[in-house]
Every structure is written in structure tokens, then in C-alpha cells.
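See the structures that follow.
Below are two complexes that have chain A in common, paired first with chain B and then with chain C.
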Partner chain A sequence: MSRVRDNYENSRFRRLLRWINGETDPLEGKMEMKPLREEELKGESVYDPDRIDRARVERYLDDVERNTEMRAFRVVYRLGSVALCLLLIAALLYAVSWMPAVGDANAPANNEVSQRYVEQGLEEVGAVNMVTNMILSYRGFDTFGETCVLFVAATCVIVLLRRRRDDIEKAKETDWKYEPKPDAILQQVTKVLTPVIFLFGVYIILNGNLSPGGGFSGGAVIGAGLILYVTTFGFHRTQRFFNEKTYDCVKVGALTLYSITMIYYFYTGANGIASLFGTGTAGNILSAGMLLPINIFVGLEVACTMYCFFALFRRGGM
Partner chain B sequence: MNFVQNFPCFSIVLCMVAGIISTPLKGKGAKRVTLFIVSLVALLSFVTLLYILFTGTGFTYTMGRFPAPWGNELRAGLLESLLATVFSLVVLCSLLGGMDLIFTDIAEDKVNLYFILVDLLLSSLLAILYTNDLFTAYVFVEINTISTCGLIMIRESGRSLIAATRYMIMSLIGSGLFLISIAMLYGVTGNLLMEYIHVEILELAASGQYQVPLLVIISFCTVGLAIKSGLYPFHSWMPDAYGYATISSSAILSSLVSKSYIFLLIKIFYCVIGFDLIVQSKIVNVLFVFGLVGMIMGSVSAIMAKEIYRMIAYSSVAQIGYIYMGIGLATEAGMVAAVFHILTHAVTKSLLFLSAKGLNEASGRKRVYPALQGAAFRNPLAGAAFLIGSLSMVGIPTLAGFISKLLFATAAIDGSQRKMLPTLIVLEVSTILNTIYFLHTVVRIYTPVGAPEEYKDVRIHPTPGRIGALVALILMNFGLGLFSQPITDLIRAGIEMFA
Partner chain C sequence: METFKIILLIFLILCAISVSLIKNYLISVIVFMSYSLVMSVIWFLLESPDLAITEAAVGAGVSSILFFVTLRKIQALHGSEGEEKDEQSQG
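Now for the complex of A and B:
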């Protein structure tokens, strides 16, 4: 007859199951987990697991010098993860050794798909930069999705980090007082550099259909310029031209116009309706139809997102 | 081209637009926009379904000016539009059912962000259903992952942050494996559109080229999507994520998010790799074994759970095991059963979560079992809804769960000899375990004796939204159970459209 356990919670199977389910308690098995019996409760000292000095126990748990069980577990755990990674790496390397070589002219990727992008992109879409042709027109839906990834990522960061207004007011007393550091060299250099950076970003965006670059890279440059400005001159001065309202307006405006453009493009394209956007003269900035406006919208969204990330991580608000 | 064929594209883009324009709105405005758009999407998907039923064939939709394989493409068949309809209805019910809690659980200035995340989540679900292009699928898998994280952590309690972190780590590992497999697939076939990859892969299989990369692709893709959908050993994010998010999130996540990945996997099996190659590669057997283990272990964990939400979450682990078991049978009947169970689980799990919230409200917002004693008398509608959901999950005739179990059992009997006995035995054992944990809860909520004194006089009057959502989900449960024949025929026809 099997022994009846009164503490099946601590049985090996239960512990394994709990570990797999990710419920392992750091106090597990390290101290008496059974509730005290009725007669052991005296006066007000009611059994309450929260009252146990967790910090002390955890300190003991992390003390691998003395806690041999934990040490053994950690060694096994680390070796296991290294082995798993090595296995994955080996599988991938082995598989890659069977893949077509880089630059192989007969590789399956060099087929009629990329051939049309290279040979007819200029004629069909109208931009000299064939990467722009591909990402904004041939595969425009993917890029629209990617822009929405940025949008949803920014939304999540706001969910996680945006502080309440009164919290920010309180923080002004402590954190804001000492910011920015009045560094004369930094400020002078920034005064010279920021306009150039902004101009360069605008240049990259506007020339997206002519030269390497486009909305994503140009927007990143503008965002970096904003971050440089805000680290040098602080949020007060930045808020004079870029606060949360401007941020919302720019972002919502850019994304709404972008989605309207894309709906129009999908609808006319799929239904065979002639589009209002022509291809224009190749090599002009005002060519390639909808690519220039899309580059501008994407650039604005990327710049906003970069600045939003920085501002939220820095102080939990715009 | 008929105007109806634009509807899949419209529903995806409209959801995105709804998310975008909700940014400057207050919570109430964002709520109106979202409810309107979600209902509109349900309507559009239903019309698409009727259109495809009427014409008898699916259609592809060029996203833009350039045809496949150069441009993006959507593909709508019976299965896609059926799932899109059910998914948007479930989102609508979950939102309505938990609307009052969205406004109390979440900080006032962040309520509109919640609706943005729901809109984008729905758009990604629809895009994953409709897409005919693997890279588009990946882009929307990203949106899905990030917005799911947001939906879990927006409640800003400590546990939900931990749950979101866990979810993100597991989910990103899955995404990474999936992305690697797409990249390698592009390397050996030179295409990203499903049909074109399929043609190339058939050629490769005939000529015997690139067999090793193909095997790695199949395994990475399957394992990646299995991790993302929470197949058994990768489920540890589920209990916390479902238990501590606001209730609409729990209902949406448990019933839809993991199902969309499973559907993507089924679509890849049929449209990209080809089902014969998948069967040859034996990866279905791996899924079969993990599905069986999940069915048992999920139920065992659910029995051991001490609070109602964790019990429902572990029950989800078991149900996902059922779905993978159906896929692992590697027959068309098994696949039909798996897809039917996706529908069953979507309508039942959201019902269970919403009704569990009702019971929880009737017990001073405590989630442990002793506090729930007699809760069904304090909130009769939630009690009845929980009873019906439980009976459906256990598999009582006239409810949806019975039909899925019947389909699984018949698929096992008609399928291969070696898989029949394990399937039937595990199905039996798992059903008994289901009965134990669901009926144990039902008995507890219907036992008035020993109910906690402080809640004895509590009477909960659910909000109209909650009543509507619960009644709609109960009706959908009965609908799936009573009209199962046309629906299974529909699913079978949809799967045949894939091939």
C-alpha cells in the first residue's frame, strides 16, 4: 500500500509540474510550507505567507556558496541552455551549408520576380531608386504593415511608460530642475548641427525615390536631430515647437493620409481603375506618383516614434 | 470584379484606420469608433462568406497595381471568411461583455490606447487569416505580438507586467524561428507568395534538391508557430496572462490570438509546403505527441489550480492540445475536427472568461474557490453561462464541444491504425479530467451551503452589454452544436479550396 502523503505539493512530480508551468516559488522546499495547526496559532500570530521575511530567504537562495542545490540547478540550467543554443546553431549551419551560395547566379532567388523589379521598376513605378519602387509600390501592403508596427510599438511604450500629469508636476521639483546641464560647448555645437541634421533628414526623405534612403532612414535622421536638441536644451525649450499635441497631430495626420493613399492604391489597383498618380519624368523629385507623399508620411511617423521612445524613457511624457 | 471582393482588404485597412484615428480621441469616442468598426468588419466578413458560398469558389485580391508574384495578394476562401466572421463577432462580444471593466481597470488617460490595441489586433488577425503571402503574414504576426503584449500589460498591476514580459519572451522566440524559416524558404524557392512557393517546392521535392534546408524550414516554422500558440511545454505565459489582464483582453487572447497562429500553420501546411510533404516529414507526429501530452497535462494542472481564472487558462492549454492532436492525425477529417475545435474554443472560452468575471464580481472580486461558493445564486446569468460553457467544454450533446469531440473520435477511428488507440484513450482520459475540474467548479458555484457570510446578500445585476455578450455567446455555442452538419461541410469545402 502506498504511503499517503499529506504534503503532495512538495512531491517530486508536483515540483516538476510547477516548474514546467512556470509557477515555481523561490521559497519552494526551502522552508516549512505547511500551514500551522490550529493549536500552534497563538494570539495574533496568524500564519500568513506574506509575512515571511522573503528578502532573507531570497538572499539565502541566491547565496550559491552555501546553497549547493541552487548551485547545481544553476549549472544544469546554464549547460542546458547552452546545449540548446548550440543545437540550434548546428542545425542552422548545417542547413545553410546546403543552401545556394551567396552571389550564385543560378540561385532560386534570381528569378522572374527580382528580374521584373530591376528591369521594369523604373518604367512601371517611376522611381530611379529600385528599392523604393519595391517596398513602397510592389510590396506596399507590407510596408504599410511595418509602419503600423511602429505605431503599435509606440502605443505600447506609451501604455507602459507615460506618467500621469500630476506625477510629472511632482517630478519637476527633482528631476527637471537639474536638466539640461548648461554645457556651453554642447549647446553651441548643437545650435550649428541641428539645422543641418534636420535639413539632411528632409533631403533624404524628399530624395527617397532618387537616391538611397527614403522615409525610414530620413525619419530616423530627423528623430536623432530632435533627440540631440532635447538632450541639449531640455524639454521646456523643445515643447515650444514640439509637444504632445504637435506629436499627436503630426502622427495621426501622417498615418491617416498614408492609409487613405494606400486604400486608394489598393482599390484602384485591384479593380483596374486608372490611377490619378502618373509616373512623371524619371529623375525629378516630383515623379513616381504616390511614392514621394508616402515617403514623407513614413518619415514623419518614424521621426515621431523615435522621439516618442526617447521622451518616454527619459521622463515618461512628451 | 465584384465589389464584394474588396471587402477583405477593406476590413483589414479599416481596422488600422480605426486604430489610427482613435489616438487623439478620449476613451468614450475611441470605444464608439471601435465598436462600430468591429461590427462593420463582422458584417463585411459575413457578406464575403455568403458571396463565396454563392459563387462556389474563393478569390484572390491583388493588393495594388501589380499581380502576384510581384505584388502582395490576399486570398479569401470559405474557411478564411468563416473564421473572420466568428473572430470579429467574438471580439465584439468580449468588448461588450467587459466594457464597464475596461473603464475601471485601466487608467483614464489610457483607455483610448486600449481600443487602439484592440483595433490593430483585429486587423492583424484578419490579415493573418486572409494573407496569401508569407512575409505579409510575418509583418502582421509582429503587430499581433506587440498589441497582445499591450493588451496584457495595460492593466498596470505587477502580475500583468510579469505576464506580459513572459509572453513577449516566448512569443519573440517563436517569431524568430518563424522568420528564419521564411528567410530560408525564400532562399531555396525565390518566392514569398504561397502558391508560387508551393509550385517551387513540388519541383524541389521531385528533383531531390535542398532536402536538408526544407526539413529545417518545416521544423522551424512548425515549432515557431507552436510556441506562439502555446502548445504544451511552451504554455507557461498563459495562466498569468489570462488571469491578470482585464477580462476583455483575457477573453480575446484566449479565444483568438493563439488560434490565428494555428490557422496560419494549417494554411502553411496546405498552401505552402503541401500536405503530402508535411506527412512525409513526420513533423505531424511530433505535433500529435505534444498535443496528447498537452491534453493530459493541461487538464491535470487545471485540476490543481486554486483559482478560477487559472483553471480556465490551463483548460485552454488542454484545448490547444486537442487542436494540435487533430492536426497531428494527418488526415482531412482530423483537420476538419481541428478547425471546428478552433471555432468551438473561440466561442466557449470567451463565454467562460466573461461568466467567471461575473462570478468573481459576486464574490467580492476574489478568485479563489472558497469565495465562489454559491456565486451562481448571487449572479444567476453568469452562473448559467458558466454552466453552459462548462458543459460545452466537457462535451454534452447539443453543445459545440460535443461535436468537436465526436469529430476528433471519428477522425481517429478513420485515420491511421497506430494513432487510433492513443487518441481514443487520451480523449477519454482528458474528457474525464475536463469533467472533474469543470463540474467541481460548477458544483461549487451552485452550492448555497457554506457561502461566505459577507457576500450572502450580494445580488449582481449585469450591465446590458454583459447580458448581450453572454446571451450571444451562449447562442453561438448552441448554434455550433445544433447546426454542426452545415458548418463541418463548410469547413471541409474550405479545406478542399486550399489544396
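Now for the complex of A and C:
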């Protein structure tokens, strides 16, 4: 008889019922829920009557046997969350089923605008890479806005996470303690890899008007290379060639030059971006007018932003 | 090629589901990283190599590193306990 009872207690249905009734917490003891440091570690008395009272009240509130409101809330909450999830999945799948198939000739994206970009792009702007034609020339205003968004995001991170100067001085002493110990394999691999990564990033930026990629991708690659160098050799060695002053100069300089270019572009009626230097021979790196300088500016901006995010998250300064 | 695409898509869905189910944060971030790598291969197969480069650099590289740094800051990674003790004994 007891075996039947045990089988019932462990059955899937009974477990689901217990979960719905809120008798067990399925995540208890399985999820990593490590709290931040407890207050009592700082030497306060353990026998705090207020805290004991609070604990008692909380225990009562969590006791679903007596607290019927809590039990009803838990049932509604759990069933509601599952229903909401399923509803959201169904709605999204239904919406996707209305989208045109990939490569459909009648899709709304294949209208006369994109046709003009494809047919006239090479002639009007002069870059072989059609995507660069589009995002830096025809849709230059959007890309300029995106770069400004990156600048604002980096500024917000600096405002939120930056430490005071004496805090950084203090952190410098403990900086190596938190780093993994200088690892011979990692350092040798980084010594070989970092120049290749930087070179690849520069290649992507400079060939932005010829091959896939451009300012954003190349800048992200260079930023990732900088982060790899910092994690291996620490901030002390990186500050020899890239400190906060360099960061300010490069970032603000790139954005200012980019703005001046875009002002010229808008002033000449939004189709003069190629006319300053002419379109040149399609297929050369030095072609397509202002697209190459703009790619370089975007790349510098993105690389600085990536590195800035990492440095501020890591130690609150550069 | 079709089979390869289907295998990649299945792997993508498995990664996406398991990220939310894995309870160890470190493994979860690494699975998220592999999700980004598979996604970049899929971008390449969908004939947008510039997106593939960006996805590999940003999705698999920088954002995972930011996750690691944040996990370390909130002391949710394994092995941070020893350092905590060091800090307390010295300071």
C-alpha cells in the first residue's frame, strides 16, 4: 500500500499539482542564489530583535498552509506566467507566418527604391560594396545618428561607472590581485595574435567600400583585440599607448570630423558626398569620394567605445 | 548544404533554449557565445558576410566578455570565494 502511495507522491501529475499549489519551490537548492555579503559579517550583533521579528513575519507570509491569499496568488501567478509565455510564442509565430518568403519578388522590400540603389549606386557613389553605398551615402543620416548613439552610450557608461581618481589609484595596487596570474601560454598566444587581429580590423575598415564589412565591423574587431591585450597584460602596459587622454582625443576628434563631413554632405543637397574627391576608379581603395574617411571615423569611434565599455566595467577608469 | 543549414538551425534552437535552463552562469554565458558563433555562420550562409563579421566580433567576443566581467563583479563566478577571503585577511 505504501509503495502505491510513494509512486503517487512521485508521479508527474502529483509533482505538477504540488508545483501549482506552491508547496515546493522547484528552483530551491538548484539555482545559484548567492547573496551579496551579509550585514552581520561587518560585526553587528546577531541577536537583533527587529530582524528576528521580521524573519518570523516573513516565515508566516511564506507559509502557504495558513496564508490562503499567498497560495491563491502563487497559483494565479504561475498559471498566468505559463499562459502569457505560450500566448507570446503563438502571437510571434503567427506574425512571422505573414512575412514574405526569402527572395520573394513581390515582397514590399523589392520596390523601386532598392532597385535604384542597386542599379545607380556604383555610378553615383562609386563603391563596389553596395551595402556601404547604401548605409553611408543614401542612408548617411541614419548611420550618423547611430554613431551619435554610440557616443551617448559610452558617455552614459562613463557617468555611471566611473570612479574617483584616488579610488583608481587604490585599485591600481589591487588590480593584479583580481587578474588571473600572468599565464605564459596566454601571453605568447596574445603576442602572436594581437597584431594579426589589429591588421585584420584595419583591413576591414580600409576595404569597406570594396569588400564586406566597413567601419562598424572593423572597429569591433580592433576593440576586441584591445580587450584581449588588456586582459593578458593588464592596464599598466596598455596605458603606454592607449590612456584616457588618447581615448578622448581619438573619440571626440573622429566624431567631430565625421560631423563636419556630414554637414558638408547635407549642405550640398545630400548627394554631394562623392563629389569632393570624385568617385574615382571603382575597385580602388582610394575611390568612392568621402566613404573611406567616413569608414575610418566610424571604425575609430566603435573601437574606442568597445574598449571604453570593457575598461569601465572592469575597473571604473581607463 | 540544406542538411548543414538544418543542423545549424537545430543547434541554434537548442542553444537558445538551454541558455535559459542552465543554472550555472558561467556555462550559460559560454553557451550564449556558441549561439552567437552559429548565428554568424548562418549570416554568412544567408549571404551577408558583413553581418557575420560583426556578429562574431560583438556577439561572441565583446558582449560575452562584458558578461564575464559583470559576473565577476557580482561575485557569481566559481573561484571568487578564495579571493574574497584573501581580501578580508589582508584588509
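Note that in this section the second predicted complex is superposed on the first by the 223 of 318 C-alpha atoms of A that agree within 3 Å, B and C clash if a C-alpha of one lies under 4 Å from a C-alpha of the other, contacts with A are read in each partner's own complex, and residues count from 1 in each chain.
Criterion: a residue touches a chain if its C-beta (ideal position, glycine included) is under 8 Å from a C-beta of that chain, and two chains touch if they have at least 3 such contacts.
Worth saying up front: this structure is predicted, and the values here are computed from it rather than measured.
By the touch criterion stated above, A:Glu69 is placed in contact with neither chain B nor chain C. When the shared chain is aligned, no partner comes close enough to touch A:Glu244: not chain B, not chain C. In the superposition on chain A, contact is made by A:Ile204 with chain C only, not with chain B. Legend: residue contacts after superposition of the two complexes on their common chain; A:Phe313 is shown touching chain C, with no touch to chain B. Residue by residue along chain A, chain B and chain C are tallied for touches, and B comes out ahead.
When the shared chain is aligned, no partner comes close enough to touch A:Glu119: not chain B, not chain C.
After overlaying the two complexes on the shared chain, residue contacts for A:Tyr267 are found with chain B alone; chain C is out of touch.
Of the two partner chains, chain C is the only one touched by A:Ser217; chain B is not. Note: no residue of chain A belongs to the chain B contact set and to the chain C contact set alike, using the contact criterion stated above. Residue ranges of chain C in contact with chain A, taken from their complex: 23-25, 46, 48-50, 52-54, 57-58, 61-62, 65-66, 69-70, 72-76, 83, 86-87. Interface of chain A with chain B (complex): residues 14, 17, 20-23, 91-92, 94-96, 98-100, 107-114, 116-117, 124, 137-142, 144-146, 148-149, 151-153, 155-156, 158-160, 162, 164, 248-249, 251-252, 255-256, 259, 262-263, 265-272, 275. For chain B in complex with chain A, the residues that touch the partner chain are 1, 5-6, 9-10, 13, 16-17, 19-21, 23-24, 61-66, 69-72, 107, 109-110, 113, 116-117, 120, 123, 127, 133, 135-136, 139-140, 142-143, 146-147, 149-150, 153-154, 166, 180, 184, 186-191, 200, 210-213, 215-217, 233, 235-237, 239-240, 297, 300-301, 304, 314.
Chain A meets chain C in the complex at residues 30-32, 34, 36, 102, 131, 174, 177-178, 204, 212-214, 216-217, 220-221, 223-224, 227, 231, 306, 309-310, 313-314.
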